[in-house]
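Note that subunit A is present in both complexes that follow, paired respectively with subunit B and with subunit C.
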Partner chain A sequence: MILGEWRAHPARVITAALAIAVGVALGFAVHLINGSALDAFGQAVRAVNGAADLQVRAATPAGMDEALYPEVALHPGVADASPVVQLKATAAGADLTLLGLDILRAGQVTPALVGQPMGGPGSAFDLGALFLSRAALDAVHQRVGATVAVTAAGRTFPLRIAGVLPGVEAGRRIGVIDIAAAQWRFGRIGRIDRIDLKLAEGADAAAVRRTLATALPPAATLADADSDAQQGAALSRAYRVNLDMLALVALLTGGFLVYSAQSLSVTRRLRSFALLRTLGLPRAGIVVQVAIEGLVVGLVGTALGLAIGYALASVALTRFGGDLGAGYFGGVAPALAFAPGAALLFAGLGLAAALAGSIIPARAAARAAPAVALRNAGDVVDPRTPVAWRVPLALVGAGVVAALLPAIGGLPLFGYAAMALVLAGGVAAMPWAARLLLAPFDAHATGRPAFDLAIRHLRGAPGQAAVALGGIVASTALMIAMAVMVTSFRGAVDDWLGDILSADLYLRVDGSTGGFDPAAQTRLSAVPGVARIAFTRQVPLTLDPGQPATILIARPIDATLPLIGPTSAVPAGTVPVWLSEPASRLMHKSRGDTLALPIGRNTRFAVAGIWRDYARQQGAIAIDTATYSRLTGDTPRDEGAVTLKPGADPARVRRALMTAAPPALSGQVEVASPATLRAFALTLFDRSFAITYVLEAVAVLVGLAGVATTVSAQTIARIREFGMLRHIGAGRRQIVTMLGAEGALLGGVGGVAGIALGLGLSQILIHVVNPQSFNWTMTTRVPVPLIAGVAASLIVAAAATAMLAGRRAVAVDAVRAVREDW
Partner chain B sequence: MRRLWTLLALLLLAAAAPVADFPVVRPGVPLAFPADHGAHPAYRTEWWYATGWLRTADGRNLGFQVTFFRSRLPVDPRNPSAFNPSQIVFAHAGLSDPATGRLLHDQRSARAGFGLAQAATGDAAVAIRDWTFRRTSAGRFETRIPAKDFTLALSLTPTQPPFAQGEAGYSRKGPNPADASRYYSVPHLKVAGTVLRGGRTVRVTGEAWLDREWSSSYLDPRAAGWDWTGLNLDDGSALMAFRIRAKSGGTLWAGGSLRRPDGRIVRFAPGDVALTPLRRWRSPGTGAVYPVEQLLAVRLPEGIRRYRLTPLFDAQELDARSGGLPVYWEGAVRTQGGRGYLELTGYVAPLAI
Partner chain C sequence: MPPRLLLTGLAKSVPGGRTLFQGLDLTVGPGELVAIMGESGVGKSTLLNIIAGLDKPDTGTVAVEGAALSEMDEAAATNLRRDRIGFVFQAFHILPYLTLRQNVALPLALGRTAARAATARADAMLELVGLPTRGADYARDLSGGELQRVAIARALVHDPALILADEPTGNLDPETADRILALFADAVRSRGAAAVIVTHSLVAAAVADRTLRLTATGLVPHDG
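And now, the complex of A and B:
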């Protein structure tokens, strides 16, 4: 019987299976990509850290006083300690992490970072010797024994490649030199960046952590593999959850599609089921049969979905990278790792969606009294009974309440719950909304039978209309919500870029070069045509080793800092700093609050203001440039905003700036116009939302496919009705027009309801999900043309599919059609 | 002359950097105490080498070795970094227990500095973290070695004055007079202290031998390794003998001396010392074959005297390759009328210097 049903309507089964496949594929792919990216990120961090038990790390790139090394080394519970100078370096055009190690200590604490001398004479203490990981060796295109110029901290020094680092994982670019050489050659005398620790056998790791943490100065933080993994996960978690949610939406839409296909199929088979019932099949038998149908559809869809998901993930990884273009895991090329747990999870979800989509209509059908069902195959809902409005209202109300609840563990779980509740409420309210929206058409006949019939049909068969509308509304609402959120976000970023890029030219030099020293700054400011240059420096601060570094920005505090609200006076004896919106939310600090930062000696800081920032999700802290220099003694700057004298030629000034840069930085200085930077930033933005657009488009396509199958199924189910209409004088044309009008109305009603619901959902995204995930706020911008386009294409798609299906239905001979029986 | 060469062979190889002015040891310079107990940082290598026999309260024998090496590297003196590895300190410790037939050993190494590792001048005071060897104001040597599998806490009290080796402390190591070291020993040290093993602390007493040597010269390139022994004889005399084996086989150089109970010293010329293997032991760990039982013959004015050296037990090989250092055999030995230590190096691979 199942096979017979499928043979008769293969397209419907295939569409339903495909819908499930798409949902499972997207969810699984997003999961795989993220898992692989996190793995790769974790490996990269582990490779550089050499698997130490515990690490003391400098909170800023300025490093820590090396006097901390003996203190930490002799701390109770510490068996051995390996001091490390860590530098970002380039060699033969390739970036690598350069570590300065004491081989005797590293041999005890981080043996994976100890070099193996190869060929020729070599000494562990040769201060000119460089050991490279395999990947670094390949990247510099050199062989062991060759000499390569290494640049770090603005200094270049030739080093002889003395051997390899066999303990470093494949793909990681790491170079190791002696710590004394690193300090001397690269200007780090007296400073170290981290101390790797080996704990004594049997030492209580937690106790050592605790006592060490209290003994450390603010310039140092404690970290281990766990906090590194946390940091990697924290970086992209909200983004990842957002993508997972989108995939679940696709899966949900797939479930809807199964539901509408099965509802129709069940409605059409009510009489056969009734017959079976009278022949003795118990009620549950019908549910089981339909459930098996759903299960088979679900299995096929799920299997297909897992395969597609895996393929999709591998393509996406090679084309976009592990963060799907969002820029979270710079420089890491992950390998795809299959995740059996996730595969099971998404297979389960796919099957659950298919089963739920089948069992719900089957139970309704099984409830019908066989005697009535045998006679009547029509709509089971009486149009005269008042529609339920309490349940949808309760759902929406619960959604609103959920939207007001705070985030859990940095994730807007209640926000997502609110979206699901409001969406469910909206779909459940469709019979009521459809009646409300169709009422104006119903009031007076148009005098054109085709349209009047169409309206009457929709009003008279609300059950069928609701099934068709549910799919349209759900997918439209989600799509509109996403579109409004992305438009608002992009608009906010665009405005913000306009605010912060108000200078005429921007000057930048790579941080690993050491930046522009005060002399270079003076020289650059004196270039003809330059009115002034506001120099800035960005320094990562590790405030919590489990969180990504907060960026400290030394800059002039002036009108180019896009403040939200006023600047307030800070308590006496504190240094004012301005927090970016994400920093303020992450640190739970607002105007007037005091805070501790790992710079300066016993300096206390207070929040003078909050500014808008969409560039640094991990948070940023602005401090006056002169104050920063005074506190840290760090006077070089990496970036400068150039204001030109009136009438100066930007191209000429640009060339002059390039030539005025210190010779040591030649070739490393970039000068860009604000327009270039703005375009670059927006390209980055679009790239990070590219995957969102793709998922959105898929959701809409699945929704439209749902509309098409629903409308065409309903049309075909009404062949007898058309036959009767033909008998009472309606032309084929009129019937097709009637169907077109029905389709258009359905699309229109669904579209209007979906857009309204979508606008509501977008407010949850903008005001709940976004601030809770990314810690920034924005104002709503409605993409009117896009919404109009969606509405129009819905109406056209629904009308066109209805007319196409209708053309086939009315092609059947009228007499046969009336006798048509299933 | 011994031990240190192997250790540093690996580390000193590529010293192509600026040539440092390593002083050469010369004859005719008298030893001066306590300054000569302390470090001589200008020289390339130096060691404080204590070996001895211990006796537990319940009458069982143990052998112990505590060694600190200091090494000067030819680094660029212009480098102001506090990590500049101009001085490196190494330490080895071993405990031989015939009851288990096993040698427990551990090692440490560090560049000097930051108060974590140093070899002080003026008097004996060397340390790597909590491993220490120093001389107290009372003239006693004290060492504390909390190693991986055992902890030694010993005081070594001199019962005799220092025993200058060679020509008043100038000890030749090869045919080239420049291959030499400043060398003195302190034999018949009275030992008291504790040994902690397997969670149990036992009191020990015993007798030890301290070797102090510093030099800038290398082993002759033709040398494969050496055999060395230092014996505390029951009559109060002390005997030291060594031979340097040639790669081609045979003996490249030999030497040693005997100090009689009355303090008179008999110095041995290369032809006066012969070491003849009596029994060999094959190490299951490294495959090296060591002549663990030897017959030592020395020419004294009264005639040739022979000592049969019998090991406390065979497996006293010290494999420090995990720490990037060489493999050697350093074992407690008995002889008729005395006890001491035997050292055998270069049996795994010739010491390529």
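And now, the complex of A and C:
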């Protein structure tokens, strides 16, 4: 029986299997890409850290006082400690991480970072010796024994490549020099950036961690080997979960397509099932038969999907990188790793979608009274049958409640659950929506028989409309929701860029170069045509080693800081700081709250205001530039917002600024116009959302394929009706027009329902998922042209499909048609 | 005045070359019911198909009230069916998503009769077939006999010149079939229409004015 059904309708079975395959493929591919990128990121940071048991790290780039080293080395439970200076450096145009190590100590704690000298053991202690990893050696295009100029912290020195670092993993660019040379040559005398620790054998790691953490000053934090990987994972986690969710949407749509195909198949076979039941087959037997059909479709789709997903991940990793263009894992080149667990998970989800899509219509078929089914042969449509509204209402209500619940572990799991519930409620409400939306048309006959019949058929059989539209309503709703969220986000970012980029030119130099010192700042401010330059400094603060660093921004606190709400007075004796919206949410601090920061001695800080920031998901803290200098003694600045004198030529001033920059920073200073920065930022934004557009488009295409196959099947199933109509004087064209009108109405109903549902879901995305994932808020902006385009596409696609199917249906001999059973 | 139906020299063969019938002539006048019987596969339905203009004969002509249907293009044949021919099917074919009133009014709606006039006419026909209060009901509420009454009302609603019925009592019990046939015959005769009934049923044939048997050489009087 199953084979007979498939032989009769192979296209429908193949489409359903392909829909499952697409969903599984997308989900599996996104998962593989994320997993591979995180693996690569983790490997990269482990290579730099050299597999120490524990690390004490400086909370700011200013480093820690090296006097901390003996204290830590003597701490109970610590067997050995290795002080490290860590710098971002360039050599022969290649970026690398430069580590200054005490070779003797590092040999005990992090032997993987100890170089293998090619010029005899003594060369390891040479202050001019540089050891490079294989990848760094390749990047500088030099051999061992050659001398290469290395630039770090704004200073350049020639170093001789004395050997290689055999213990560093392939692909990691790391250079190692003596710690004294690093401190002396790169302006770090008395400062270190981290202390790698080896714990004593048998020491209780948790106890050592606990006691050491309490003994450390605010300028230091305690981390282990996985902290950096956790930081990367934490920063990108919400983005990755979002991608997973979008892939699951495609899978869900595939499930709906199976449901549509199986519903039609089951409806057509109602009489066969009734006969089987009359002959003694129990209800469960029918459910099992249809479930087996769904299972086979699911197995084929899943196997195909896993293969396509693997290939897709391989291509995407090669072409777009591990973050698919979002910029989370810069500089990391991941290799694709097959994940059996994920394969099993997505195979299970694919099978579950196919099974659920089969069992629901099968149960409905099994419940039908055999006698009625045998007699009516499917003529069970009755426009008076009430449509269900309680279940959809309950689902939507549960969704609203879920949307009000907080995030779990920084993830908006209830937000996603709310979206799933509202979506399920919306799709379940389709019969009700079809009746409601078509009621005004039905009340007033147009006198055009094709149109009137179309309206009456859709109103009379809203369940059929729901079957046809389930998938497309789900995918359209999610697409609209994403589109509204992205439009709102982009609009908010655009406005925000307008607020913060109010100067005429922007000056920037990489912070690792040391920045513009006060003399350079004075010189730059005196450039002809410059009215003033507001200099700023950005410093990463490690407040929690497992979380990405919060950025401290020393800047003038003026109208260019886009405040949300007013600035409040802070308690006496505290220093005012202004938290970015993400920082405020992550730190759970609002106006008037006090907080501790690893700068200044015994200084207390208080939140004076909250400002909008879409650039730093990990949070940022603004502090008055003069206050920052006073507290830290750190006077160089990395960036400057340049205001020109009236009539000054920006191009000429730009050239003059480049000339006035310190020679040591030559080639590293950038001057850009606000328009360029704005365009660059928006390009980055669009690139990071490009993959979401692709996933949405796939989901909608799967949904449209569902509409096409379902409408086509429903049309063919009505062949007797068309035969009768042709007998009594309806022309072929009239029937095709009727079907076109039905298709257009169906598409219209689906479009309206999808858009309404999508707008509702967008509010969950904007007000629940987005703040809980990324910690920023925005106001809603509706992309009207896109929504109109989606609605028009739906209407045209459904109408065209129905008309094409109708042409086939009316081509059948009318007399034969009226004799055929449905 | 031309006959309601005039068939002249009809011949039809099926793919493969087998001749279903040839030299078939028939004239049906106003108020006349003709029953056509024959074994399965002899071509009764094909003949009905040709009379309705839904199939073309190999040779011969079909004229309804003098209009040569067999020579019309599809659009003209469709219009003629809509305006001058009514149909009654074995399986009723009442659309489940329309009320009975809307089902009966379908031929009028297809002919662009104003909605109010079509509704009044459909109600009158429902009264004629004994279902005066069921206009707002749906197919699901009706028995087989009642559904066939609705089908008869639909076949007559636009005052056709010719009614074609294909096994109209095939799905009914004998008692109901008797009542339906009597109703059908009365309605046809009282309107001066003509009817051709294709049937296996002797009971159905009994209400006809003439009963013919379809053979390969044409229609011959039924001798049963």
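Definition applied: the second predicted complex is superposed on the first by the 809 of 822 C-alpha atoms of A that agree within 3 Å, B and C clash if a C-alpha of one lies under 4 Å from a C-alpha of the other, contacts with A are read in each partner's own complex, and residues count from 1 in each chain.
Going forward, a residue touches a chain if its C-beta (ideal position, glycine included) is under 8 Å from a C-beta of that chain, and two chains touch if they have at least 3 such contacts.
Predicted model, so just to flag it, every value in this text is computed and none were measured.
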Q) What is the contact status of A:E721 with respect to subunit B (first) and subunit C (second): first, second, both, or neither? A) second
Q | subunit A: partner with more touched residues, subunit B or subunit C | A | C
Q. Touching A:D102, do we find subunit B (first), subunit C (second), both, or neither?
A. first
Q) Touching A:D452 in the superposition: subunit B (first), subunit C (second), both, neither? A) second
Q) When the two structures are overlaid on chain A, which partner does A:L74 contact: first (subunit B), second (subunit C), both, or neither? A) first
Q | First, second, both or neither for A:W184, with subunit B first and subunit C second | A | first
Q) Looking at the overlay, does A:E66 come into contact with subunit B only (first), subunit C only (second), both, or neither? A) first
Q. Given the touch rule stated above, what does A:G729 touch, subunit B (first), subunit C (second), both, or neither?
A. second
Q | Partner chain in contact with A:P83 - subunit B first, subunit C second, else both or neither | A | first
Q. How about subunit A: which of its residues touch subunit B in the complex?
A. 66, 69-70, 73-74, 83, 102, 104-105, 107, 121-129, 178-181, 183-184, 189-190
Q: Would you pull the subunit B residues touching subunit A in the complex into a rising list?
A: 10-17, 73, 75-76, 79-85, 88, 109-111, 114-116, 129, 323-324
Q | For the subunit C and subunit A complex, residues of the former touching the latter | A | 45-46, 48-49, 52, 54-55, 74-75, 78-79, 81-83, 85-87, 89, 91, 93, 95-98, 102, 106-107, 109-112, 114-115, 138-140, 154
Q: Note which residues of subunit A are touching subunit C in the complex, please.
A: 376, 379-384, 445, 447, 449, 452-453, 456-457, 459-461, 720-721, 723-732, 734, 813-815, 818-819
